[in-house]
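Two complexes follow with subunit A in common, the first pairing it with subunit B and the second with subunit C.
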Partner chain A sequence: MTGPLIPLGYIPEAWNNVFAVLLGMGFGFTLESSGFSSSRKIMGTFYGYDFVVLKVFFTAAITAVVGLLYLDQIGWADFSAMYVLPTYMAAAITGGVIMGMGFAMGGYCPGTSFCAVAIGKIDALLFSAGLLVGIFIFSEAFPLMEKIYESGNLGALRVNEALGISAGLFTFLLILIALGMFWVATIVQGKVKKVEY
Partner chain B sequence: MEKSEEKPGWRKGNFYVNPYLGGLMLGLVLLATFYITGRGLGASGAVKNTVVTTVHTLAPAHAESSHYYSKFLSTNTQPMNNWLVFEVLGVLAGAFLSGLIYNRLNFRIEHSPKITSRRRLIFAFAGGMLFGFGSQLARGCTSGAALSGMAVLSAAGFITMMAIFGTAYVFAYILRKNWI
Partner chain C sequence: MNKRYLILSALLILAGIGLVILPQKSKNKELTPEELLMAIKDPSRFVSTDLITDRIIKKDPSLVIVDVRPAKEFKIFSLPGSVNIPMDSLLSGASMAILKPEGKDKVFCSDDDILADQAWQIFKRLNISNIFIMKTGVNGWINTIMKDNPPLPTEDSRAYDLYSFRKAARQYFQGKDATSSSNRQQNDNKDNPAVPKKEKLNLQKSTNTKPAGGGC
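Our next item is the complex of A and B:
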């Protein structure tokens, strides 16, 4: 069976929402058990006292990309059939900058705030309410944002294509960069004063 | 009795799995999501879907004439658009289960002892607003754009990830009195 299973018709479309709940449960369980339901633990990455976000995030991204390239290599999955988020350069950067500000203020991202709500964090409930309001404001202010939202469409661009190297070489370099960051993070964490939370 | 002095035990509420093991597990969930559905995981999209559906119910003409809401209305009958809502229900259930197992379920406002609960809640709400706004501009948040984008080597995934973390480092320094 070649993946992706549902788009290629190996599993009926009707199962899609069942898998949504099951995969979401796996997502929520791994985030919470890694400590992503605590804003103070998450913020440790930015002050050097706990690099859990850096370690979990990059390990997860590398696991997924290596897994997908491997499954593609042995013919079990079609890497080119997977959805690639299109690149709109200005919107990706501006949106990312605004999200980064929100991250430092709120201490959560949307997914981690839902995990924190699930275990009873009131601050995360306020963050989630803020998400609703922020998305509503964006939607209503869209005429003002439309130009930047639609500008510089580079399509489903892959980062290795943009750099002119193969997917395998890029992934290998990504692993080296991640290992370097983990090494530095471990040294920094050993030197920074511990914060209790 | 200083609670923070206690050694981590898996029923004491302060036990977390090893970050590399947690990352591996999260990566496998993401891999399974792509293998089964051909798409990645997300979070902000479920909130967007809630906003679009609510506005469309309360003010259908307004939603249909809007350049933004209307992008998502035409596909509202397709399962893919609701997919993230079901996924987020799963996220809530999965996180609750983990909190139950590791004994972390309780109502509280988590903040640095140096700031008040009120200040924490105001910043949490404002941070959520900015994150929500930015996620629509970038067409996804840390989950849907950065993590899932990186898994398929999307250039936008890497750009958004660097913009989020780079800016967060700058603003974390400015706002350090809120956290440390």
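Our next item is the complex of A and C:
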């Protein structure tokens, strides 16, 4: 956990792995119960017959950000002290394209593929094997890719800071965008031929 | 459209509007240059070695002595009960955990008071309260407390009171041999009774500095 309970010593560090397992189980359970262990469901977003992936992840994002900002307002969390991963622009775009291609071809993202392995899907087994091969190749070829990996570093960037607006206003706009997308997605879903799976 | 979705959407929009309306909390907890200057001009940030000695002897639980010298020097000699936070790890998570508690008086010390003052200014700027500097530092502490400096016969009774206090303190730190004086060179000797017993530091540095991985 990134904090504050373990780094400040409220909970001994030995609990780190226990929390990791519990959180992982919760995450896996949620993915499975949302139907994300089916590659057909995930690919629905790509072909336009099922937008549940888009809805779930955007709902998660806006719920989390609204919750965090309110906790920050009442002083239970310090939004400014939150760790933000640095943005590597070129690396993010390259990685995003590769990940997206893998996503579209395999029908899984790494997390959901393991969920699907857990319920015994053969395609997920192959996907996970490919994932491990990919990790191996990446690790071995890292010196070749190091330049791309570290290119376009913009530091710990927050979108609202880059746009020059407050976090609250950005969140509000994000909520509007998300709801608008849900609405459009529902309309598209109604027009596209239903796929039974 | 499902009524439930409409209600949830309305709730989210309301929450979003609330975030826009609510005043933004000031994230800048640092002192302004003016405030910092005021604080630096205030001599009350310095405390004497005698006062610290008195509080060490009384085992004052609200006293935290933060030694900002390098770990090597700290190993050779340190004040009893002091915690070593070298300058290069001042802003680490572990040191912030030591310095943040508000009910404690954090006293910085170094060889003299220059490094300690620098550390003090950093933390003052971060708006950490109850921080002080031990005037004249560890060297001053040895010179005033551990060395025998009898007052002149012409000095007033306060000087004699202070002298007897320092003598008693020396006795406390050295055990029975109160009359021997000590200095830094002697303190390098491991078996020297003048070296106060160092308390074992329980500075736990988190080894896990990596953020939790995200993704789906």
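Basically, the second predicted complex is superposed on the first by the 194 of 197 C-alpha atoms of A that agree within 3 Å, B and C clash if a C-alpha of one lies under 4 Å from a C-alpha of the other, contacts with A are read in each partner's own complex, and residues count from 1 in each chain.
The criterion applied here is as follows: contacts are C-beta pairs under 8 Å (C-beta built on N, C-alpha and C of every residue); 3 or more make two chains touch, one makes a residue touch a chain.
Predicted, not measured: the structure shown is a model, and the values here were computed from it.
Engineer: Of the two partner chains, subunit B (first) and subunit C (second), which one does A:197 touch, if any: first, second, both, or neither?
Structural biologist: So A:197 only meets subunit B here.
Engineer: Counting only touches as set out at the top, which of subunit B and subunit C does A:71 meet: first, second, both, neither?
Structural biologist: So A:71 only meets subunit B here.
Engineer: Looking at A:168 after the superposition, I want to know if it touches subunit B, subunit C, both of them or none. Which is it: first, second, both, neither?
Structural biologist: second
Engineer: Count the residues of subunit A touched by subunit B and by subunit C, then name the partner with the higher count.
Structural biologist: B
Engineer: Applying the touch criterion given at the start, work out whether A:102 contacts subunit B, subunit C, both or neither, answering first, second, both or neither.
Structural biologist: In the superposition, A:102 contacts subunit B only.
Engineer: By the touch definition at the top of the document, which applies to A:186: first (subunit B), second (subunit C), both, or neither?
Structural biologist: The second partner, subunit C, only.
Engineer: Have a look at where A:115 lands relative to subunit B and subunit C in the superposition and call it first, second, both or neither.
Structural biologist: First partner only, subunit B.
Engineer: Residues of subunit A that sit at the subunit B interface in one complex and at the subunit C interface in the other, please.
Structural biologist: Comparing the two interfaces on subunit A, one with subunit B and one with subunit C, the shared residues are 6-8, 13, 16, 31, 57, 62, 83, 85, 109-112, 167, 171.
Engineer: Can you tell me which positions in subunit C touch subunit A when the two form their complex?
Structural biologist: It comes out as residues 1, 5, 9, 12-13, 15-22, 24-25, 27, 93, 97, 204, 206-208, 211-212, 214-216.
Engineer: Given the complex with subunit A, which residues does subunit B contribute to the contact?
Structural biologist: Within the complex, subunit B contacts subunit A at residues 4, 16-17, 19-20, 22-44, 47-48, 50-52, 55, 66-69, 79-80, 82-84, 86-99, 101-102, 104-112, 120-121, 123-145, 147-176, 178-180.
Engineer: Per the contact definition, I'd like the list of subunit A residues that touch subunit C in the complex.
Structural biologist: 1-2, 6-9, 13, 16, 31, 57, 62, 66, 69-70, 72-73, 80, 83, 85, 109-112, 166-169, 171-172, 174-176, 179, 182, 186
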